[in-house]
Each structure stands twice: as C-alpha cells, then as structure tokens.
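Pasting the structures in now, so scroll down.
In the two assemblies presented below, subunit A is common to both, partnered first by subunit B and then by subunit C.
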Partner chain A sequence: MNYTKEIQDIAAKLFAEGKIDVFVGYRVNGFDDNQVPVLITDPQDVSKLVFTDKSVFNLVNYLKNDHTRRKRVGLVVKGCDSRSLNLMLTESQVKRENLYVVGICCEGVVDEAGQKMQNCTDCMVPDAVVSDELLGTPSGSDTLSGSYKMNADIAMLAEKPLTERAAYFEEVFENCIRCNACRHSCPLCYCAKCCIDQETATLYNGANTTSGAFHALMTWSLHLAGRCVDCRNCEKACPSHLPLHLLHKQNESVIYENFQEHLAGVVTGDRGAFYKYSLKDPDDFIM
Partner chain B sequence: MARVGVFVCFCGANIADYVDVPQVVEEVKRIKEVKFATEYKYMCSDPGQGMIRDAIIQYKLTSIVVAACSPRMHEKTFRKALSDAGMNPYLLEVANIREHSSWVHQKDKKAATNKAMDLCRMAVAKSIANEQLHEISVPVTKRALVIGGGIAGIQAALDIADARIPVVLVERSPSIGGKMAQLDETFPTLDCAQCILTPKMVDVASHPYIELIPYSEVIELQGFVGNYKVKIKKKASYVNFKTCTGCGACWQKCPVKVANEYNMGIDKRKAIYTPFPQAVPNKPVIDAEHCTMLLKGKCGICAKVCDKGSIDYTMQDEIIEREIGAVVVATGYDMWDPTPYEEYGVGRFKDIITSLEFERMVSANGPTNGVPVRPSDGKVPKNVVFIKCVGSRDEAKGIEYCSKICCMYTTKHTILLHHKVHDSHAYVFYMDIRAAGKGYEEFVKKAQVDTGTTYLRGRVSKIYKKGDKLMVRGEDAQIGQVVEVEADLVVLATAVSAPKDNPNLARLLGISYDKYGYLSEAHPKLRPVETAKAGIFLAGCTQAPKDIPETVSQASACAAKVCGLFAGDTMKKDPMVSSINNEYCSGCQNCLNACPYGAIVTEDVAIGHGSKDLRTVAKINEGVCQGCGSCVAICRSTAITLAGFTDSQIINEIVSI
Partner chain C sequence: MEAEVKDQLVSIEKPELIAPPNWEPVIMGILCNWCSYAGSDLTGTSRIQYPPNIRIIRVPCSSRVDPWFLIKSLQTTADGVLVSGCHPGDCHYISGNYFARRRFLVTKKLLNFVGFHENRIQFSWVSAAEGPKFAKVVNKVTEDIKKLGPLHLYKKENFEK
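For the complex of A and B:
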C-alpha cells in the first residue's frame, strides 16, 4: 500500500486551485521510517507527504485543532478514520463543505515492529465511508466486510468473574499518570471543557491516583461507547502503554450484539446506540 | 449556614402503622443543619400547614423538608404553605415515606423505618443546596384538538365549541358518527340511535367554532400543554369536497363492489362511497385499495358521470398543521374478534354472527331492512340463541375484564327480535346479569316478562350442526344439567376491546396505556378524565368500556377541563427547567435528539468578548422544557443544569446515605 505520489499530486492540485488552506497528511519522522502527522500550509512542502502502511495515526484528530478549525482542509482518511470523521460531521463539529477528503481503501497498517495492527486484522470497514476521492481498490462489499470478530483478549476478560476483572483493571490503571494524552489524541474528545476538568464538577474524581484514573478512564470509555471507531490513536499516544482498547472494544462488542449490529460512524447522521431510541432496543433489563 | 425544618406526617395510620415516626424525627434532629423537627397526624391539614408556617418564622428556616406522601399528591399544598409564610416555595423538598416506604414495606416495620430515615436524610441533604426559583409564564393557544368523531368526540367538540373555543375534530373514517351510528335503538329507553345522534353530527358540521377534518389521522404531536403543534395527515379522498354536491351519481354507477364496513360486511358498497346515507360530511370518497382507476388506470366512470367535475384521481395525501392548546382523545373501541372460540364453530358455521352484525340486521337502515335473517339461507330465524361474555371475563381465551355493555345490549336485542319477528323465541346463555345503571334493572326485568326469553345461566361448551339447525350445548347451572337448544341463529355478545392502534397513538401523544391497550387516566378515582401528560384528556371507550350515557358524561367532563385550562391568557409553569452553560457546550447537538419535547434549538454565540467568530451551542426554550432531565444525562460535557435537580443537589443526596 503506497499512495505517496497520488496524495502529493492531489494536495498540489488542491493548493493550485486554491481549494484548501491546509492539508493534513503524514511525513516520515526523520529518525527512522516511522511516520508522524504533518499540517502543510505551504504548497512547496507537498513533497514531504507520504502514505504507506506506516501511516498509522488518525488525522481526523487534527480537525479539532485551532490550525484547522474554520479553515478549508484537505485530509487523508483510512476506513476507521473516516468513521470518526462521520461522527464529527454528525455531531456538528466540522462542516463538510470545508473539507476535501482523500479516502483510502485501506489494506491495514503496521506497528513499529512491522506487525499488522490487531485492529486491522479485525477490521470490518477498510474502505473510507466519507470521501471526495477514493484511492485504492474498494474491498467490494457495499456494507461491512466479514463478520464481527471478538478480540481474544476481550473474550478472555469477559470470561473472568467481576472481581477478577476489576482487579485486572486496577492493576492496569495503576500505571496511568493522568497525562490525558489519550483524551487529546482522540478525535471524538472535542468537548470545550472535559467534564473531568470542570471546576464545578462534583461528580468526578480528578485525582492523580489509581482510583482517579479508574474514574476518569471509565467515564471516558462510557462517553465513547457506541462512538469509538477503534482507530487506537489513544493507545499509540499513551506513554504508559496501557491497553486502552480493552475498554472500548468491550463496549463495542456489547453494543454490536444488542443494538442491531451497530458499528459507530458507518452511516452519516447516525449518532450511535446510546444517542437514539428504537423500539427494537433491548429492554429485558427492565423488570 | 442552612437552617432546615423537617415535618414528618403520620398520614393517619397510613405511615404511622409501618414507620416509627417519632424515631424518624429523633434521627433527623441529629443532622446539624436541622434546626427544627416535628411530627403531626395530618401534615396536609390546616393545623399541619400552620405548624410549617409558624416554624418558618420562629426558627428562621431556610429550607423545608416534609416527609409524607408522594409529591404528586401534596407538593403543591406544601409549596403554598411556604409561600404563605413568605418563603420561596421551591425551597421545599418532599420525602415520600408513604408510597416509597410504609406502603411497600408493610411486613417489616424496622426496615420501613430505616428507609424512611434514609429518605429524610436525602431530602435534608438535597434541600441544603436548594435555590430560590421563580414560576415561568407561558402563553396559551386557545384551540382544542379532538381525536375521534364518535359520540364521545362529537359531544366534547360541541361542548368546547359552545364555550367559543375553536375545535379541530379529526376523524379517521370518511364520516363522523362512530359506532353509535351503526346502532339501531339504544338501551334503556329504546330511542333510535340515528334520531339522537344525527342532529349532533349536523351541529358539528355547521358549528362556526368547529373545524371538521374527516378521513384524516394525527401523525405527530409536539410541544406541551397550552402550546402543542399537531400534524394531521389528510388522506386523499380523490373527490373535491368544495364542488361535490353529494348527488350520488358516482357511486350508483361505480362497477366495483366491496364489503360494506358500516353493515359489518353483510352487504356491498362501491369503491366510491359514503359510509351511510346520513354521513357527515355527506360527500363520497374513493377507496384507493379497490378503485380500478387508481389501481390499474382503467375505468374512470365516476369522473364521466360527475356533472361538477369533482373527481380528481391525482389527489395526494395532505399534511395539515395546527397549533392547539389541549387534546381530547376519543378513539372509541373495537369489537373483539371471537375466532379463538373454536368450539362454537366461529368461521365454520355461517349462522353464528356477532352482536354488531345482529344490530345492523335489525336496524331500520340496515342491509336487510330491519329483519334479521340467517346468513346461510336468508330465512327469518325463529329460535335465536344469544351467548353473553364471549371474550369478556374469560382469562383463558379472551380478556379478564367485564365489557360492561353486553348484558344491556343483549337484553335490547331480545326486545328487538321480539318486535321484528313476533313468533320468535330467544334464549340467553349468561354468567351474571349486570344491570347497574339508571333504569337498567327495570329494563331487563320488563324485557324478560314482555319477550318471554328463556335465560339459561351457564357457559356454552359446544355448538354443532344438525341439518340446517345449530345445536347449542351448554350447562344450565341452576338445575345442574347439560341442556341443548336448537337454534336457527346464534348471536355472540363479543367483548369490547381497545382500538388496535391505541399503543401507537399513545406513543405518538406521549401518554400511557394499560395491558389491554386502553389509554390510562391520571388517577382512577380523582382524575379519571386527565392523562398523566398535562393538557391531554380522555373521553369514552378509549379509556375503558362504557355505555353511551357514561361516554357522553366523560366527554362533557373533558370539555369542562379544556375550558378551565383556557380560562386565562397565560399559564404558570414550574421553573424546573434546563439551562445551558455556553462556555462548556461543545455543540454536538445530542441533547436536541434526546429532548422528547423539542425544547432545544441551536444558537450562534460569539466565542469571546467582541469576537465576531461564532460558535454553535444549544439553547433551551424554557416554555417548552418539562424538566425531564434527558438532556442533562446525555450531555458529555455536563454543560446542562436542571434547576431544582442540580449536580450538587443530587450528589448531596447520594453522599448522605
């Protein structure tokens, strides 16, 4: 998977036609062959752009940045990224007319060790669902490809009794340093002020302790339930290497099972299972 | 420092029998903010309220907790007591130690007392964070919507309109009149139904304050009491009512024959039809499901014979919007389908009919010109068996409740049969004869003597065919023997059931319904006309089975409620409404979707002082907001606060126990 040339051409053309103010893409980081996001504002820098299977980050996150807000933006999205973009559009955070979206029919990206990422092996939506221009060969199916795969580690966790599960997460959250990189790296954490940080917040424990981390991360995972697209930006950003996807994937699998095979961000205008009411919703928990 | 007064009520014995009230008082006195606590037998009475008023002044209290019954019952009463003592009424908290404690824990006084103490502690903790709130005034749209044009809807519409309040009357079928228009004579006085109903139907059509919208359905209701917006789907009639004179040339020439619903399918009507000759409005509509012109594009006879050119095959459904302030729901009832009674041979034997089919046959404007006949061979029956409680009071096959009207209409049917076929004999299988009503028992007694009807107390177990007769086998419990009656015709007094669409309508209107599908009243005894949603009222069988006098009474009661609601130009509204913190709002608009009342819109606000750059945030319409709190729960950035239920109040409650 290498669309470096195509993307450079598209960006150059968009700048030449005056259609965009900034292009969000990837460049090689300069130390090794891993890549970092780059915001191009000068057409001469277009040659810095690359796109290979090392283009791991979700660039939609940069749409909540002041450098892109209220500007015309060109941007590259893979399947998972495009779903988060879909949610940003649905939740009125960006205007579609301000965007030029280069969609990728993604074949999966690799981690720093060159291994295909786990979310890519389980991916059901490899093609970008929002795009002005699609690169690569679509996977063929109009809707979802393949059946829902339950991660092995989620299945393992689900089997554990509640107390053991709590103990497991307590151990995980002990390493959290409350730097909030997960929150900043998540495209869907765009709130003007996070509920955890509010001065008047009486509901939330903001302490830099295990229980504070537990509180914050659990709240975070619930606020992303039915919205998380499993792009794993948060895991890539976490300096403590916490397995944050476990929180989200657990929610995702429960929601997929109970809410008519709902997957976040596949349909524009779909706010997610927790934000709409349907007569088909399960109600067996009501006495 | 907050100074809280706590007033614990015995509610006679309702609370005191199961909750140790003095112990609750002692317990709350230990809370340091509680400066005064006491108990009384009836806190809602004048001396009880007097204690509250006096204590507020004497102890300089800053908030009040009343531990008594549900706030639905007496919150307003106690708020008024606070007002009378010069205190803001919203500084009151009610701890519901009756419904939530004494009534539900009658077997364990200790646990009930402990729970009552917890509820009081929570209320005290919440009241400490209570703030002064002020009532909101909202304007009222003085126009009522009546759904359903049967006798209930007609009566409600006429009574409201007579008070010079405009009414929109929506009827699903092409004519108003409902089930009553299908009846022949009515018990217990045997007035002709048509004679007492049709003048009212004409009054509806000609009343200057009534807008009649027939052949239509309500599809959406938004807003709140005094300020609803309703969307009505007017089905395409394919006939221009403005030019149509109702001459009848079209339906005489129409070649398509369809089972006639008005006559219970006993005869046929045409694809273009008026339901019955006395219909209001007396204009035909085209039944799009059967018209060959609309289905296949061939025919067009009605358009050819119409002098006025009133037929328009291109007509489309139309959506009408109206602003209204109150709704009267009068959707009536359905006849219960007796198919589950397989042992009676329902569906197999043609000569088993339902009571409404019998009613149509004996009716002067019916398909057989008022003479009952056997559907199988058209002969006039001599021996007729009436079976009561078909579906009613039958947990196994039908419904548990008594349909209330069957005893009386079956009695009426025996009389009508006797009038029309002098040498006939009627047999009635019954469980009980329920004739509670003015003149009802006398009516039944007189009918039994005059008609010589044989009453057999017992259930019918089987009906089978013998020659061209039906053999009805049942038990006569009074002699303890199985009896068999040879019948020419069997009439089933089928149960009254709730309209099938009631659950959908209830969801659309935002009101509740019971397990049978009847719409629920707010209180079975003291608020039988209101629903739990303010401004929506119930009339007639849509709430429960009723006879005509009761239906008319309830319809008039609805009218009185509507007139009372519209008495002033504005309505006062509780100030428990949401508000948005613009700084924290991220503009995701999830609250817009969560709000069931459509109370939230968006607005563009400047980002900072003097900034021309705008940001979209949510905005609450206080008049529409009902304080349900859905938006508060769904807001991720906690930008929404509900007055009277702030985060700090709720947290106070939680940490107090």
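For the complex of A and C:
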C-alpha cells in the first residue's frame, strides 16, 4: 500500500486550484521510517507528504484545532478514520463543504514493530465511507450487515473469572498517569471543556490515583460508547501503553449483540446507539 | 483489617472475613420522580418494612441517570447501586426509560467486565402503585450485597506513585 505519489499530486492540484488552505497528511518523522502527521499550508511543501502502511494516525483528530477550524482543508482518511469523520459531520463539528477528503481503500497499517495492527486484522470497514476521491481498489465488504468479528482479547477476558479480571484492570488503572493523551488524541472528544478536566466539580475525582484513573477512563469510554470507531489513536498516544481498546471494544460488542446496531459512523446522519431506542431492547437484566 | 484488603477478590470468596461485625452495606438508590419515588413513598405510607441501607436520590427521569453517577458512587461510598424507573411505556417523558435502558445495559456490562459483581449494579422498574414490589426489590438488593461484602475495588489512593 503506497499512495505517496497520488496524494502529492492531489495536494498540489488542490493548492494550484485554490480549493484548500491546509492539507493534512503524513510525513516521515526524520529519525526513522515511522510517520507523523503534518499540516501543509505552503504548496512547496507538498513533496513532504507520504502514505504507506506506516501511516497509522487518525488525521480527523486535526480537524479540531485552530489551524484547521473554519478553513478549507484537504485530508487523507483510511476506513476507520472516515467513520470518525462521518460522526464529526453528523455531530456538526465540521462542515462538509470545507473539506476535500482523499479516501483510501486501506489494506491495514502496521505498528512500530512491523506487525499488522490488531484492529486492522479485525477490520470490518476497510474502505473510506466519506470521500471526494477514492484511492485503491474497494474491497466491497458489507459494512452494514456484515458479521461482527468479536475481539480476541475481549473473548479471552470474558471467560476469566471476575477476580482475575478485577486484578487485571486494577493494574491497568494503577499504571495510568492521567496525562489525558487518550482524550486529546481522540477525534470524537472535541468538547471545549471536558467533564473529566473540571477540577472544581465535586463529582469528579481529579487525582492521579487508581480510583481517579478508574473514574476518568470509565467515564471517557462510556462517553464514546456507540461512537468509538476503533482507530486506536488513544492507544498509540498512551505513554503507559494501556490496553484502552478493551473498554471500547467491550461496549461495542455489547451494543452490536444486544441492539442489532451497525458499526458507528458507517451511515451519515446516524448518531450512534444511544441516540435511539427500540421496543425490543433486552429487558431481562431489570427487575 | 480493611486497609489490608486491596481488592474485591477476597470479599467475594470470604465475606465473613472482610466484613467487620455489624457491617451494613450502603446502597445508592437512584429513583425516578414519577414512578419509583412515588412507589417508595407508598411503601412507607403502607407501613411496609424495608432495609434502611438504601440512600435515595430523586431524579426527574431514569434517563437523567448518567453512568457517571454509578461510577462515582461505587468509587466512593456505596457498596452497590440500585436504579429504578417507570415501566417501559409508562415514562412521564414518553421515551426516557427506553433510552436509559440501553445505557444501563452497556454500563452494567462494562462495570462487570472490569471486575464488579453484576449484583452490585441493579436496575428495576417500579411504578407508583407498586409499594410492596419496591420493598421486595430493596430487600433483594440488600441481601445480594450483604453476601458480597464491602466493596474494595479501585479505591486505592496511591499518591506516592
């Protein structure tokens, strides 16, 4: 998967036509062959852009900041990224007419060790669902009614007894340093004032402790329930390498199995599982 | 003795070792104003006995219950949570409890996934006419949580990290 030349051509063309102010893409980080996001405003810098299977980050996250807000933006999205873009469009965070979206039919990206990432092996929506221009050959997978692939970690943990799960997550929450990088790196956490930041709120435990991390991570994952697109930007950003995807995939699997919802963000205009209901929702857990 | 216990592991297996003598659970009861709160009122005026372990908070509707409330109460004082609202179809705000039902299921499964016993997070539908049912529900929840013992999960305040 290498679309470097195509993306450079598209960006150069968009700048020449005056269609965009900023182009958000990837560049090589300068130390090794890993990549970092780059915001290009000068047409001469277009040659910096690359796209290979090391382009791991979700660039939709960069639509939140002042460099791109209220500007015309060109953007590269993979399958998962396009779903988060879809949700941001649905939630009126960005305007579609200000965007030029280069969609990728993604074949999976690799982590720093060169292994294919777990969310890519489990991927159900490899093709960009929002795009002005699509690169690559569409896989043609059924995104709306395709069978749900249960995450292997979730299945493994769900079989373990409660006590072992508690011990496992105790360690996870203990290792959290409360830097909130997961929140910052999430494209769907765009609130100007986040509830888990409010130090004076009596409801909130802002301490850097196990209980504080439990509070923050659980609240955060429940705010993303039904919206998380499993791009794993939070895990890539986490300095403690916490398995944050476990919380999200658990919510996603419960929602998918019990409410017969399709995956978050595959349909424009669909706000996620918690914004609607069905009379047939399971009721057996309620006395 | 309580300080030595770091997690729920022991409390599930040997509640009698953990629970101090005369220990009583604290249960957070979050009740909807229109049905369950009126139902609990009816229980009282009907002179039906129910355990005093439940601490009741009145909310306008069961969909007012943010999962945050459950997380916060389990993290601080409560040993268990009971959320109660109107029966499906009886919601004062037409559809509030349908929305709430989805959130409750996901919250319960997530809290169970990270290690809370499923009996610590309980939900019920109690209408304004069901005084005896409310007493039965509170009895059951209190019994369940007494069996589980005090909650020690994720309460460590490790500032020295």
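Keep this in mind: the second predicted complex is superposed on the first by the 267 of 287 C-alpha atoms of A that agree within 3 Å, B and C clash if a C-alpha of one lies under 4 Å from a C-alpha of the other, contacts with A are read in each partner's own complex, and residues count from 1 in each chain.
Note that a contact is a pair of C-beta atoms (placed from the backbone, for glycine too) under 8 Å apart; a residue touches a chain by one contact, two chains touch by 3 or more.
As the structure is a computational prediction, the values presented were derived from the model and not from experiment.
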### Message
Both complexes share subunit A, so when I overlay them there, do subunit B and subunit C fit or clash?
### Response
clash
### Task
Considering only touches as defined above, state whether A:247 meets subunit B (first), subunit C (second), both or neither.
second
### Task
Determine, for the superposed model, which of the two partners subunit B and subunit C contacts more residues of subunit A.
C
### Message
A:271 in the overlay: touching subunit B, subunit C, both, or neither? Say first, second, both or neither.
### Response
first
### Query
When the two structures are overlaid on chain A, which partner does A:191 contact: first (subunit B), second (subunit C), both, or neither?
first
### Task
Check the residue A:91 against both partner chains and state whether it touches subunit B (first), subunit C (second), both, or neither.
first
### Task
Give the stretch of subunit B that clashes with subunit C in the superposition, choosing among 96-104, 168-176, 294-302 or 420-428.
96-104
### Message
Under the contact rule defined above, give the subunit A residues that sit at the interface with subunit B and also at the interface with subunit C.
### Response
195, 203, 274
## Note on the structure
Per the touch rule, the subunit A residues reaching subunit C in their complex are 157-158, 162-163, 165-170, 173-174, 177, 195, 203, 205, 207-211, 214-215, 218-219, 221-222, 225-226, 246-247, 250-251, 254-255, 258-259, 273-274, 277-279, 281-283, 285-287
#### Entry: Complex contact set, residues of subunit B against subunit A
583-590, 593-594, 613, 616, 634, 636-639, 647-648, 651
### Message
Using the touch definition from the top, list the residues of subunit A that touch subunit B in their complex.
### Response
70, 91-93, 190-195, 198, 200-203, 223, 271, 274-276
### Query
For subunit C, which residues count as touching subunit A in their complex?
6-9, 12-13, 67-68, 71-72, 75, 88, 95, 98-99, 101-117, 122-125, 137, 140, 153-159, 161
